[in-house]
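One chain, chain A, links the two complexes that follow: it is found with chain B in the first and with chain C in the second.
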Partner chain A sequence: MMWTIGDTYVALVGAMSAAACALLGNYLVLRKMSLMGDAISHAVLPGIVMAFLMTGSRGIGAIVVGAVIVGILTALFTQAITRFGKVEEGAAMGVVFTILFAIGLILIRQQADHVDLDPQCVLFGNIENIHVIAASGDIPQPAINLAVVLLLDALFVTLLYKQLKISALDPALATSIGINADVMHYALMVMVALTAVASFEAVGSILVIAMLIVPAVTAHLLTDRLPVMIALSVVLAGVAAFLARAYNVVAPELLGPGLQADTSAIMAVIAGGFLLLTIVFAPERGLISRGIHRIRLIVRILQEDILGRLYRQAEAGTAASAAPLAKGDLRIAGGSIFQRWALFRLRSRQFVRPVKSESGRSVVVLTDKGLARAARLVRSHRLWESYLAQHSDLPLDHLHMPAERVEHFISPEMGERIQEGLSEADLDPHGREIPPRPGDARRP
Partner chain B sequence: MRYVWAILSIVAVCAALYFVAGTFADDETRQVLALRQYNTRIVVVGTTLLGAAAGLIGTFMYLRKRAMIGDALSHATLPGIAIAFLIVGDKQIGALLIGAAVSGVVGVVAVIGLRNVPRIKEDAAIGIVLSVFFGLGLVFVRIAQHAHTGNQAGLDRFIYGTTAGMIKQDAQWIAITAAIVLASVVLMFKEFRLVCFDQHFAVAQGRSVHVIDLLMMAMVVLTTVVGLQAVGLILVVAMLIIPAASARFWTDDLPLMTILAGAFGSISGFSGAIVSARFVNLPAGAVIVLAAGVVFSTSMILAPRRGIAGAIVRRARLARRIGYQNVLRALCEREEDSGEGVRASKAELLRMRSWSARRLNSLLRRAIRRGDAAMGPDGLIGLSRQGRIEARRVLRNHRLWEIYLIRHADVAPSHVDRDADLVEHILPPELIRELELALTETPEIPPSPHGREAFS
Partner chain C sequence: MDKSKSTLAAPGGKPSAVPKSPDPHHDPRAPVSIHDMTVAYHRKPVLWDIDYAASEGRLVGIVGPNGAGKSTLIKACLDLVPKASGSVHIYGKPYKKQRKIVGYVPQRESIDWDFPASAIDVVTMGLYGRIPWCLPPRKKHRELALHALEQVGMADLARRQISKLSGGQQQRVFLARALVQDAAIYFMDEPFAGVDAATEAAIVALLNELKARGKTVLVVHHDLQTVREYFDDVLLLNMRIVACGPTKEVFTHENLQKTYGGKLTLLVEAAEAIARSGQGGP
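And now, the complex of A and B:
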């Protein structure tokens, strides 16, 4: 099978509706109102049917008006039930949209003779139709409608960029600088309803929900900046549309004709796939990079714990750096793989060196470099203990644990500042010497 | 015992309504109400029991603030149904239900997993799962339709539900489900209550919140999967949320709320099924949800304590009481300035506060009617003996509170009048005694701390 002009149109229509949804979805996701998209896209059903019944035509104008009115009503009812009935917002939404959806279904059944409208079409859309129309040489009407709506959404998002951003991220600040967050909320709801209704004919309500939420969430995982997030979400949505169509063109040939499916449904699945990939591979917040970061941290802390322990043993013993530590004694924390790795790192960084003890066991001792590093660490620990002892009311035997945690994160500069906050800083609360800062001579 | 009475009275009310409806209905409706037809009987029993089960378990979902998880769950059943269909065809309804349950559980697990990803909030997690799983389901449905040509009606009924086409087997499934849900709610009531209200206490008691949660979710999955066929995938969400939300308006007592939610669910199921059996072209699932919606709006408006009507009445009463006390205080302050028994004209009173002439007039009429004030033939208004006692009490509260605010809350004297104004009317007597103790040296009515402009 070849990619035809019809396929281009289908992909384009899918991409346009996905992009329009993704634009607005960013704000829904940021305002934690993702489910409002779900609610509105189900609830506009009665609006569409009513518009049908009143005008008797499938004219886009009336349908848009009907859908927008019901969309606003959904938001209003939800707010009223939340505020006056003290019902939790999610539940209020669930009450409102299911009832409106039920009314829509009843209207359709009641007027089945007068209305040529299949609820199926609202849920799933009819994107394959576009293929047929485009093949006959016309520009499909849904493509034109969606282009207009996409343009409107783009204008909405760019012209009201600042207002939307502030009221999404900090409604209280928005109010204090004279932006009415409520007005922005309802404007957003109007645009969502408009976009939803324009997308229905092409891709159906489920795809609307998918595209409102999934690309925006994916983009949010990848960036901290709103403009980048918006751009990313739109690109992801568009790519999903073209990939979905490409699957439908290629799959029947490669995998058998039985594997074709609705382009819009495949788009939703592909968008979900993008999200899954992002959750796993995202550079900062992905599972893998978080896992690596975590392992690094574990190994670093283990290394430092080993150094600290060697230092304390040396301190307790007579010889400064010769106190040995057997490998078998390394039960400090974490799994044994990490411990071995930590020990390996310490050796390769030449902080410790292996020696044979008198009894013939293989042990490690601190090198001079290791001693300096360990001294810095123990210094952090004991400074923090002293600080806690002087400035908080923790009893003496409770000082060790918090210091054990914090010691790994105190930089030398921080150590300086802690020392400044201490009245005398030679001995820690347990009476042991606090190692001096590097370069200072050890006190006699 | 209380709850037995509650159940009995609910049943009695329903029976009464049933007979009243039977008496006033036309012949055709009476036929339906009497459940003459075998088919109607099955449908009515099925929807009533489904409503009860959904209401019971929905209560706990609602209190756990997980109402919308049902939405994700019901959409997430579709891939499982389609895959089961692909494997066994649509003959084996049991296989389809198992497929639905499995993928529904996967969906719920996915919501929980997504919620733990940084930056993904619960609402987004629900939206992602419901749309992506539904998309996946549609893909499988198409593929299944290619594989089993011509046999697709079987799948659509899960999306929209075909209540009217319910057969005995379906009703049996529902009955079993309702029994299981009822049993688990009764047996696990204490545990469910604990995780709804005080998870930490539950943990401290050595109970595993996860196991209890799992059981709760299992009941929801069961109800949803069985309900899919009856009312369809979107409307089953309504059955889980709306009866519970309606019951919440009526009571703060969990057992009573659970009973009420079950009752509301079954009433919606029953009346919806009856109405759709009586009139042509009314899809039963949608009518059931609409009936639940009627119950919800009635509850939201009429419920005595948490309802809107009650709140409006209470607010109006409070506003009236406050206004009344303000009138008495104004008259009393007038006496304070010019000596006991001195009366004030309406114009003077009008200047003392920012109130409209109309409101002042109505408040004064009320004071005169209750004998707290009297208007002389010259049009001047003064306090009566009993009114003076009350007015002095009100003024005293106001002053005490003002002084307290200045001394102990660091409120500037120029702001204190307004703050005191907001609170004085709702001070309970015990608090006033405490205030008196805290500010001992006070005379009967302390002077105004912010140097009230004497009235000339």
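And now, the complex of A and C:
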């Protein structure tokens, strides 16, 4: 099978619809109103049907007016139910959009003789039909509609960038400097309604929701900058559309005809795939990088616990520098793999070195470098114990555990500040010496 | 620090003081004047009959127990919550006409810090009211924002995403944003809540700087220990104004007891009765 002009139109219609949705979806996601997009995309259905019935035409103008009115009504109904029904907004939206959608479906069935629409097409769109129209040499009407809506959406988010941004982040500030956040809210809802109407002929009202939310969420995971987020979401949406069509062109030939499916459905699946990949692999917020970060922290804490333990043993023993310690003794919290890794790291950083004990066992001892590092840790631990003892009236046996947790996170500066706040900081509450800060002479 | 404003400090500027005032209830010289304001949430009054006039160039602490309506007082002044009755004037004109000279620092929890924006983006937002519609911020706006960040000691963190700032740093971003607004009057909602000592010192320095420039600042404040040190005037609030005026005179043990200790049961009961009648009614 070859890529034809029809395929280009299908991909283009899908891409324009997805990109238009993604543009607005960014603000729905950032305002934590994703469900509102869902509500509106369903609720416009009765508006579309009523526009058909009243005007008797399929003209885009009539449909848009009908849908926009219903879209605004949804937002108003939702607010009214939230306020007077005393339910949370999510529940109110759920009520409004299902009821309106149901009314739309009933209208289609009741007026089947007058309305040239079927529920199937409303739900899933009719993107394959575009292929047929394009093959006959005409420019498909949905392509023109979507191009206009995409342009409007693009103008909306670029010209009103400041207003949308400030109303999304801080509606109170927006209102207090004269940018009416409520007006921006309804303007956004109108644009979502418009986009949903223009898109539903192409991709159906259910997939509109996916395109409103999924690319924006994916982009949000990948960047900290709003312009980049918006651009990324549009690119992801467009790429998903072209990949979906390409799949439909290639897959039946390579993998068998049974694998062909609705281009719009595949688009949503691909967009979902992008999101999944991002959740796993995103550089900063992805599962893998967060997992690595977490493991690094665990290993660091294990290393520090080992150092602290060696220090305390050295302190308790007679040896001036460090007492030997059997490897087997190092059973500290955490898996043994992490523990071995921690020990390996300590050795490669030359904080400890292996020696043979008198009984012939393989043990590690602190190097001078390790001793200094360990002293700093124990200092943090005991300073924190002293701080807790003086400022929080905890009994002595309640001091160790909190200090054990906090010691890994006390910077040298923080240590200084704690010491300033202590009346006598040479001994910890248990009567043990607090190691002096690096550079200071050990107290006599 | 002078004593000339004592006439203005009297609650509800009297019409006789300034005969040419367009609205006899509001003194046009008062940065903020509140006349007979009552605010209710879901019909339940939370602020009763507030009459107050701030004096120019003073740091005013708004102090009172939880649920006293401190934040609500500020929000009602800024039209962020509806007033059941009464009016607020800023230098003798309704707030709507004076937006440009009023700065607002909301509570830190009021916004989503995960928003994809950097510190300087948030500060630049304080200038959005001055940038023409449809145009992006210019270089001079970015420079103003950067300068404000410098003033709060945050210039080196200007490009950092706001969720990666500490609580104190986030608060300073809010203050920098208020600074670029270059307002005459600032309303700040608990700027000292949950900040570190360095930020607290930075905020105090900033408040004094604003005062030195002749600005009037109203600050919702929780820490009674520092009220004397930080504020020239104090407004003791517990659903109504218990007392207001120079801190030295007003911040007394007796007034604090009136603000924080009992005696308000009647007000609370009345508020609940009104709320109940609202629910049962049409």
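Please note the rule applied: the second predicted complex is superposed on the first by the 443 of 444 C-alpha atoms of A that agree within 3 Å, B and C clash if a C-alpha of one lies under 4 Å from a C-alpha of the other, contacts with A are read in each partner's own complex, and residues count from 1 in each chain.
Keep this in mind: contacts are C-beta pairs under 8 Å (C-beta built on N, C-alpha and C of every residue); 3 or more make two chains touch, one makes a residue touch a chain.
Predicted model, so just to flag it, every value in this text is computed and none were measured.
Novice: Could you say whether A:99 touches chain B, chain C, both of them, or neither, answering first, second, both or neither?
Specialist: First partner only.
Novice: Tell me which partner A:32 touches in the superposition: chain B (first), chain C (second), both or neither.
Specialist: Both partners, chain B and chain C.
Novice: So in the superposed three-chain picture, is A:220 touching just chain B, just chain C, both, or none of them (first/second/both/neither)?
Specialist: both
Novice: Look at A:42 in the shared chain and tell me whether it touches chain B only, chain C only, both, or neither; answer first, second, both or neither.
Specialist: A:42 sits against chain B, while chain C stays out of touch.
Novice: Give one of first, second, both or neither to describe whether A:168 is in contact with chain B, with chain C, with both, or with none.
Specialist: second
Novice: Could you look at A:176 and tell me whether it touches chain B, chain C, both or neither (first, second, both, neither)?
Specialist: So A:176 only meets chain C here.
Novice: Now for A:409: first (chain B), second (chain C), both, or neither, which partner does it touch?
Specialist: Neither partner.
Novice: Can A:212 be said to touch chain B (first), chain C (second), both, or neither?
Specialist: It touches chain B, and chain C stays clear.
Novice: Which partner, chain B or chain C, touches the larger number of chain A residues?
Specialist: The partner that reaches more residues of chain A in the superposed model: B.
Novice: Both chain B and chain C contact which residues of chain A?
Specialist: Overlap of chain B and chain C footprints on chain A: residues 32, 220.
Novice: Provide the residue numbers of chain A that touch chain B in the complex, in ascending order.
Specialist: The contact residues of chain A facing chain B are 29, 32-35, 37-38, 42, 81, 84-88, 90-95, 98-99, 101-103, 105-106, 109-110, 112, 119-120, 123-124, 206-207, 209-210, 212-214, 217, 220-221, 257-262, 264-269, 271-272, 275, 279, 285.
Novice: Could you pull out which chain A residues touch chain C in their complex?
Specialist: Counting only chain A, the residues touching chain C are 30, 32, 159-163, 165-166, 168-170, 172-179, 220, 223-226, 228-229.
Novice: Inside the complex, what are the residues of chain B that reach chain A?
Specialist: 62, 65, 67-68, 70-71, 75, 114, 117-121, 123-124, 126-128, 130-132, 134-139, 142-143, 146-147, 156, 159-160, 234-235, 237-238, 241-242, 244-245, 248-249, 281-283, 285-287, 289-290, 292-293, 296, 300, 306, 308, 311
Novice: Could you please specify the touching residues of chain C with respect to chain A in the complex?
Specialist: On the chain C side, the touching residues are 75, 78-80, 99-100, 102, 104, 106, 110-112, 115-118, 121-122, 125-126, 128-129, 131, 133-134, 136-137, 161, 177, 181.
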